[in-house]
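Chain IDs A, B and C follow the sequence of writing; residue 1 opens each chain.
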Amino acid sequence: MADHGSLERLGLKPEDAERLLKEAREFKGESLWSDAWRRLRRNRVALWSMYFLVAFGLMSFFAPLLPMRNPAAQAPEIQFQSPTLNLGDSGYLQEYAADDKITSEEIVNAYWPEMNSLDVLFVKVRLAVFGSWQPGFWMGTDAMGRDVLSRIVWGSRTSIKVALIASLFSLLIGVVYGALSGLLGGWVDNLMMRIVDILYSIPFIFVVIFLITLIGDYKQALEEWGIDRMVVLYLVIGAVYWLTMARVVRGQVLALKHKEFVEAARVIGASTPRILFAHVVPNVLSIVIIYLTLTIPAVMLFEAFLSFLGLGVEAPEVSWGILAADGTAAINPLRLFWWLVVFPSLAMASTLLALNLLGDGLRDALDPKMRGKD
Amino acid sequence: MIRFLSRRLLWMAITFLLVSLVSFTLMHSVKGGPFSKERKLDPAILANMEAAYHLDWPIWKQYLHYMGPLNLGDEGWFGKGEQKGSDPFTGVLVGDFGPSFRYQDFTVNDIIGQSLPISALLGVVAMMWALALGVSAGIASALRRGSGLDLSMRLAATGGIALPNFVIAGFLVILFVFLIPLLPVAGWGTLKHMLLPGFCLGLGFAAYISRLTRTGMLEVLSQDHIRTAHAKGLAPRTVVMRHALKGGLLPVVSYLGPATAGVLTGSLVLERIFNIPGMGSHFVNAATNRDYTLAMGVTLLYTVLVYSLNAVVDLAYTLLDPRIRLEDQ
Amino acid sequence: MALLEVENLRVRFETHHGVVRAVDGVSFTLEEGQTLGLVGESGSGKSVTNMALLGLVPSPPGVVEADAIRFEGQDLTKLSEKQLRKIRGNRISMIFQDPMTSLNPLLTIERQMTEVLCLHKGLSRREAKQKAIEGLGDVGIPSPETRIDQYPHELSGGMRQRVMIAMGLLCAPKLLLADEPTTALDVTIQAQVLELMKDLQKRHGTAIILVTHDLGVVAGMSHKIHVMYAGRMVETSPTFELFQRPLHPYTKGLLGSIPTLHSTPGEDLESIPGAPPDLANLPKGCAFAPRCAWKKERCEQQAPDAERFHDPQSGAPRTSACFELNQLAGAREVQS
């Protein structure tokens, strides 16, 4: 509050000015996000989509807690059972439930070969609560006699995991690349964006599939490095989806660079990191979130697409793409196994729809200017 | 015009170079791949490979050889492929993708030659569905803005954008093949075979096009010159068709480039579901069977295809909008 | 019989924020070959009046009602949409404010001009093009036969407005509705366009309703002037008398905000304090009362009706909607 002369010209006493400034600070701190939240809450469709997604996310995270059948156990004698609503039985877990002293290893070996220690804990809790009870085949069984319901739930874990990790990975590359390009400017910016242009015009799906083909030959070598097919999937998908993010972020950074408030901050001598974190990051963040909500369903779709073609997630892991592939593989002119198509499709459709609707809602909430402009 | 085309050509050349270099190098480093010496292959295919790719040469020379019509052997620099027996392979740049790595009796060109027309036809059917459905839905939506029709169309569009085409395909197959048996399950050959795959492939794009059309039309219809057209005494239909449609569809035209690329991608899945012997099926098979030369050929071909189609779309755009000059692009 | 007789025209827009009465009981007549200046601030309802005459008010949300709109003895309110379309662009045509946006950017001038002739006169494209070229020449566009194949963005603003005027006159209409035809143009071009319109009016005998917020524009053009405020006619008068002796506080205010040759350099122009009222929430009394220097108590209670009287000097018929009419007239005399 250096210039008292100018304050007097405005008819302000210094203490008034301090008070105003304080109010302004408090106001600014909450405005963008609380404003956005208020707008989002008014959008009923987006709100319900969010509730749905949270519930779905919780369910898939806590899947081992639920009294469900083994998603991987094959039983050819009960293949293609149509959905039945019965209360269920104690099934294959009976012998374990009878014995109180089950070790984690026994459960892991019997239940699901690739569980981490948290999942094993969940399964133990489940046994403690529900005992050996498990529902009947509410959504039928597939060609191998596996329970479709539990495969959908367990498949959602893979699909969500891939979608989140790959999206975040693409976000990371995109934001760093875009911000660098925008901040450095000049010929560097030019070159970096030209590279993006070139990458854009490559039919990426084909290159990715080609890459996955090649990587298949390095399986052993990569596994020594701790890189399995899933990690490759994250990297590859992430590497495809960063392009748009980079462009969006660069555009925003460039626009902000010349905005008055950034100039003003520079004039009063704020350091570059301060400008970056106090002014640029919060403004870029909203557009990054908007774009992220668009990327997640796109990535989920891409994973399903690759898995559907047999190039993504590999058995014994399940993902929705694999389920969809199983469903269409079972389509034949003689008998209709509709549940193999309908239930996985419904799960995927409702999730993707909810993600899209939430994304639209978030976009409207964070960027009111774009409201109504689809 | 010439400047525009030459610039596009230059960028395409750079992209093509990049893709081919990277994929060639990657293929070269694969153990047991077509360009490595440690292969365990059918002797007939092995002979094809040796003859085609000169595996004893240094890698840069092999790359140049793979790409172009230059003769790098002992017979002199030019005229590769003209001397019979010496070098049957003429190079990618003149449209020769070499022998298949899996099928000894076929070259990559044979396979592409058989399957590309099928995929192209499927793609055309899909785009026709997409444009017909998307544009009419978008116009109806825009003209009845806020009505129940508009709302349901927009909801349908959100669904169409969100859902993967194989999910849609699954539902539609159950509906039209089993519940209301109108169409065949799978296969290729007649018009009936094309309708359902084309529809499933086009539906997602139709949804997006209807959104674009709706916004485009609303934008144009709110402009002053529409009021002028009404004041001239034109019938509402004429105002929409002659004065609004062209401007309202401009965003759709610029979306056609990405849409075409998307249709090619989508055909991978739909050709598999409906058992259509197109390029997509062959590409996926090539990928799972590790038919490297075929996969690389298809990738390179699609790079060029997508690039050229994009250029065509941009050209069309400038023809439609007199305010845009080719030089600005 | 007058060419156009409008009786009690009312236009309201039913919006989410309430009913907006954009035009509220407007009546006027226009003789053949004459020009009527419709003057007012933006939002006073003058453009909406014009649109309503041709049935071009978007509906919903717009609702147009009138006791009668008689054009050449035919009541336009009784016509079907289809019959109205035969009149639009044919016997009544309209030109708009911004020639930048009022022409379709994606169609050539030829396409936009010939469609009027093909539609109303049944000409072939070739004949229509010939007539359109003549029309362009008529409005002073050099080398019209090449200009006609160009797109609007290839012409200057003045040229575009000339094209609009030529387009409006193609079917030799009896009435031309000109909505701020010069507002978007440079001052020198403005004068040219006004001169052109005057000239064309003389040659074709077209009556013109000239809508503008600029009294300077109507001064040299129109035979009589109607001043609108908040959807009502507050003062109607022959042009000369209006400038001589404005008899409504609003008109006085408008005239005070124009610089004249007699004003001293550096002298502040008068401006009307305040802003036009919210049409969805009109005050109970006179709509102008909150901004009026002559305001009395009853002005805020009751809205004045237009009072007919004769100009004290020339005896020409005038109207003014002001309770303080006599004081205004008196004040003028005391001053002079």
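The rule is simple: contacts are C-beta pairs under 8 Å (C-beta built on N, C-alpha and C of every residue); 3 or more make two chains touch, one makes a residue touch a chain.
Since we're looking at a predicted model, the values are computed, not measured.
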| item | value |
| --- | --- |
| Chain contact topology (line, ring, star, complete or other) | line |
| A-B or B-C, whichever has more C-beta pairs in contact | A-B |
| Distance from subunit C to subunit A - Cα centre to Cα centre, in angstrom | 59 |
| Rounded Å distance between subunit A and subunit B, as computed from the means of their C-alpha atoms | 28 |
| Euclidean distance of C-alpha centroids - subunit B vs subunit C, Å | 56 |
| Multi-partner residues of subunit B (at least 2 other chains) | none |
| Footprint of subunit C on subunit B - complex, ascending | 223-225, 227-235, 238, 242-243, 246-247, 320-323 |
| Subunit B-facing residues of subunit A, complex | 197-198, 201-203, 205-207, 209-214, 216-218, 297, 301, 304-305, 308-311, 324-325, 327-328, 331-333, 336, 338, 341-342, 345, 348-349, 352-353, 355-357, 360, 373-374 |
| Subunit A-touching residues of subunit B, taken from the complex the two chains share | 11-12, 14-15, 18-19, 23, 26-27, 30-33, 154, 158-159, 161-164, 166-167, 169-171, 173-174, 177-178, 185, 211, 214-215, 261, 264-265, 268-269, 272-273, 283-284, 286-288, 290, 292, 295-296, 298-299, 302-303, 305-307, 310 |
| Interfacial residue positions of subunit C with respect to subunit B in the complex | 54, 56, 85-90, 93-94, 96, 98, 101-107, 115-116, 119-120, 151, 153, 164, 167 |
